[in-house]
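In the part that follows, the structures are each spelled out as structure tokens.
Two complexes, one shared chain (chain A), two partners (chain B, chain C).
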Partner chain A sequence: MPTTSAIALAASLLLAAPAADYVALPGGRFLSALPADAKAEAVTVAPFRLRSEPVTNAEFLAFVRTHPQWRRDRVARLFAEPRYLAHWQAADALGPDAPPQQPVTQVSWFAAKAYCESEGARLPTWYEWEFAAAADATRADARKDPAWRERILGWYAHPSTAPLAAIGGEADVYGVRDLHGLIWEWVDDFNSLLVSADSRDQNDPDRLKFCGAGALSLRDTENYAVLMRVAMLSSLKAADTTVNLGFRCAKPADAENK
Partner chain B sequence: MYILRTLAVLALTLVTAGLASAAELPGDSLYRLDLTLTDHHGRHFTLAARRGRPQLVSMFYTSCQYVCPLIIDTLKKTQAALTPAERARLDVLLVSFDPARDTPARLAAVFGERKLDAGTWTLARTGPGEVRTLAAALDIQYRALESGDINHSSALVLLDRDGRLRARTDRIGEVDADFVAAVKQALAAP
Partner chain C sequence: MKSALFALAAVAAAAVPLHGHADAAAAAKNPSYVHGDFGPPRGDPIHAVLTAPPHVPAPTMRNYPAKVIVELEVIEKEMPISEGVTYTFWTFGGTVPGSFIRVRQGDTVEFHLRNNPNNKMPHNIDLHGVTGPGGGAASSFTAPGHESQFTFKALNEGLYVYHCATAPVGMHVANGMYGLLLVEPPQGLTPVDHEYYVMQGDFYTTGKYREKGHQPFDMEAAIAEKPTYVVFNGAEGALTGDKALTAKTGETVRLFVGNGGPNLVSSFHVIGEIFDRVQYEGGTHVQENVQTTLIPAGGAAIVEFHTEVPGSYVLVDHSIFRAFNKGALAILKVDGPEDKSIYSGKEVDSVYLGERANPNLAAVTQATKAAASGKLTKEEQIKAGQQLFTGTCSVCHQANGEGLPGVFPPLAKSDFIAADPKRPVQILLRGLTGKVTVNGKDYNSVMPPMSQLNDDEIANILTFVLNSWGNPGGRIEAEDVAKVRAEKPATPAAGH
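This part shows the complex of A and B:
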């Protein structure tokens, strides 16, 4: 039973953090780095809405206050490993290592999913994320541009010990920010990115045991930035967290922009 | 008055029992997942209702021609490596990756074809979102291909009576002796 003060607190938090902005993406036929089928040419991405920015520490703090089962001191171990939100000062306070406008990281897939559900949303699928991340400020698909690839790739060379910047990078052609150069992001079907194809389609089953097998079913092997995302996501378990791994949420195309 | 008092006592007992069992569920129990499944008889059940007996859990789909029959074979072989008394106390839960095609009727047909033991085996389906969540919790990867096939990793998972993951094996088609030893240990636990 929520007390009056808890309701007042929740209300003040809602006022403090304006509702997230979701922008429309058209979807369409899309050449993914990870084909839907060995033989398929392209995947179809349905129109959808994507959060323009990743979820911040401030937003996630508001969430754990209203959903205390996701506090780091109460979360069930099945849903988050011990490093979950460990950089926060306390279970209900951000502190100096977690600025409010910085993307929240050290969150598990289960926690990210629960957050998105609390916002009437869901995590984007890999294809949705990849579709969005192909854009730059002027083009829906900038992936063939070597300069663009270079710039994206530059971020991955940075040591992950540097403090994270705040959200609010340059908007792309859809108005989405921070898909590159800030954090890694969970996707709903992170556990669908098994990069080795079905053993029946392979000549040498032993090769499936190695990371290199993934390259057999990956297209566009020059797009290292995307391939690194695939490799990283496919190595994760749902309760895992990392210092650079955050998330954003998605909604169906017909959802209100609230 | 007597009836009221009986009802009150009964209600209190139920509440207490409910609280006690909820309090005891370990934090890392798979039964923390709020999932409803449907078995090969078309009966609905919650995942948490499996609590009480050790389980072997895996995922498959019935239209799979190659690996999935091997998963059933491996589960049978693992059961066969136990004594009859051990076998009777171990349940097997096999959940489909493919809710669109694996209806309860389809699951029941496979149950019959493969002559599965009605006392211990359950074939089940759940919704698409729930399949993703269950696979994530079991650390099983899968991806639907446009051909209708489902690319997936294969694992047998041993849960203890409270739903804690006690062992897993990725060896399919043969008996994993270490896994069998873990099963025996889970069955011997008080």
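This part shows the complex of A and C:
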């Protein structure tokens, strides 16, 4: 007679997608839309590895089965608001509104962080995410291309009334998929995006929150695609969830790709 | 509605002045008195009734400061911007412009901003009627599926724009995130028959004007400030046809007009009306008798006018290509009886000749009327003919009929006319080319046919000529002209 825990283990192994694929990104000097301080022209991003695809519903289901403290009916309210995983049919079942290969959304920053740790990884930093997201299929930095911007803005131009697509969009020059056009993604330091080292604005923490303020602190005010990411992340608290917000994980460059 | 409005207004008018004096007295006594702060809210909290454009909430009819709860939801949705063209609007309350908010000066407003869970974007609100950092924006930054609350006191009366101020601000505004907040003065506004809510905005799409299908936001065009659409109330045709604003003759109409921008300034004008009163810039000063009022982006105006005669009055941005090529047109349809003493409609449709505009053509009008009734006299013909001659003939033949030696033959004491007084009829109808001899002098020139003149006019002109400057007299009648006009044209040489 197998024990219940053995059944659970077997179930989680069956449900788990093939081990997540992490790809190497070279890092380097990078012109962020949010300069670290007014004097630094570029930030340095260390080489790192990034999950090629966002975490899916199937993967997150396997996680909550092995880490039941992250089930929606058991999670501490401090770590996730009431809408956490609310689109799932049950605390441990996906159901029709959460297809397995769709990116998991309605997850809090705490939950995303815990998931990444379970994969021996962490959430990417904003600069890492921005570095990766600057690429397209042929270029490491496509941000100056109006067509690239237009395509990304196209996603924003549609309300999210239709179901999310599955993961597996076009790979960029590094082999990373779905950084644009599918979901918003948590980053590790999302809540520090508003902190400024710019002495001219006296560290006004509200500078992105109202009219005109954003334009003062952003280097690249025409890059609406990046600007909207920053605005979105800035609006969140770590326990918040939204129907379009998911995540992927990152690892140091020397980490083994498992 | 009108009578109810007046009845309520009467109550308010009776009650309010006392309070208004109390406010003024407090201001005079206490130099630290804050303008528009009438103390803490009184009575039960009131849930503000918000309205979708073009409707305006009823007057507050209050004479005390209250706590007013405003609940506004942000909804991102696809809607038509023109026929067969859709656009993803970001809205306050599901409409562009957003819901109209009406409070009274001194009210304490508890504001709830909800961001619909299906939205993709975070949003906030900057109300220009708020005194405080960001106009509320910093306190209302809200992720999808969340709600923010903040409270402000409406210290200043006036008509104020509100808008989203989340980065990228321009894009949020360009997608329709603006509306109007009216802070009534303590005594309320004068009652009128109709109040309407109209707001202009410019829109930027990747497709051309009226290109069918779903059109995405064009960031480059927005930065270049070259809109594809300039419209009232969020879409071309939002206020035309069945959706036109309506009024009856003899009514007073008040328009709360805002301009959301994001880029363009509006030259707001109503074709066929004169604004009796304009609270320009939405402030307290009133300008009267205004044709066109300038409404800045992020600004507003209250315009009022009285309707006199029926018809369709067209609201436009008088930067007129926007009206006819980008959509900035709306209609106010006024029904009721005609008043010909104010406006006649078309009375006369006649040929207009530029150089004839100068002389007084009263005699011509008189002759036309007399001819129509069959009682035209020779004297009337001469008078009318003189005026027509001044406009049409005197340029060449001169006012005194002497012509110009060697170029234009004289009509005065003309042996050419005396020889055949009917000959000039043919000349006026067909023209005259080549050599003629008049009073012993040769002229070799061209007179074109006066084909713009009708039979009456030719008869009058020639009767005037025959009875002037020593010519033999006589009369040419319209039938004489008609007869010649009906004849086959003679060969060019036949007249000479």
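In the analysis below, the second predicted complex is superposed on the first by the 227 of 258 C-alpha atoms of A that agree within 3 Å, B and C clash if a C-alpha of one lies under 4 Å from a C-alpha of the other, contacts with A are read in each partner's own complex, and residues count from 1 in each chain.
Simple rule for what comes next: a residue touches a chain if its C-beta (ideal position, glycine included) is under 8 Å from a C-beta of that chain, and two chains touch if they have at least 3 such contacts.
Computed from a prediction, not measured in an experiment: that's the story for all the values here.
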Following superposition onto chain A, is the placement of chain B relative to chain C best described as a clash or a fit?
fit
Of the partners chain B and chain C, which touch A:Ser234 in the superposed model: first, second, both, neither?
both
Using the touch definition from the top, say if A:Pro68 reaches chain B (first), chain C (second), both or neither.
neither
Can A:Asn191 be said to touch chain B (first), chain C (second), both, or neither?
first
So, A:Leu78: does it touch chain B (first), chain C (second), both, or neither?
first
Identify the partner contact of A:Pro252: answer first if only chain B is touched, second if only chain C is, both if each is, neither if none is.
neither
Should A:Pro47 be classified as contacting the first partner (chain B), the second (chain C), both, or neither?
neither
Counting residues of chain A touched by each of chain B and chain C, the higher count belongs to C
Centroid geometry (CA): angle chain B/chain A/chain C, rounded to a multiple of 10 degrees:
100
Touched partner set for A:Pro26, first chain B, second chain C, both or neither
neither
Is A:Gly168 touching the first partner chain B, the second partner chain C, both, or neither of them?
neither
In the overlaid three-chain picture, find the nearest pair of C-alpha atoms across chain B and chain C and give that distance in Å.
11
Which chain A residues are contacted by chain C in one complex and by chain B in the other?
234, 237
Contact residues on chain A for chain C in the complex?
83, 146, 149-150, 153-154, 156-161, 184, 206, 208-215, 218, 221-222, 224, 227-228, 230-232, 234-237, 240-244
Which of the residues in chain C end up touching chain A in this complex?
76-78, 88, 117-122, 124, 126, 133-135, 137-138, 141-146, 163, 165-169, 171, 206, 216-217, 219-220, 223
Inside the complex, what are the residues of chain B that reach chain A?
26-30, 32-33, 66-67, 132-133, 135-137, 139-147, 149, 151-153
In their complex, what parts of chain A are in touch with chain B?
36-37, 40, 76-79, 109-110, 113, 188-194, 197-200, 234, 237-238
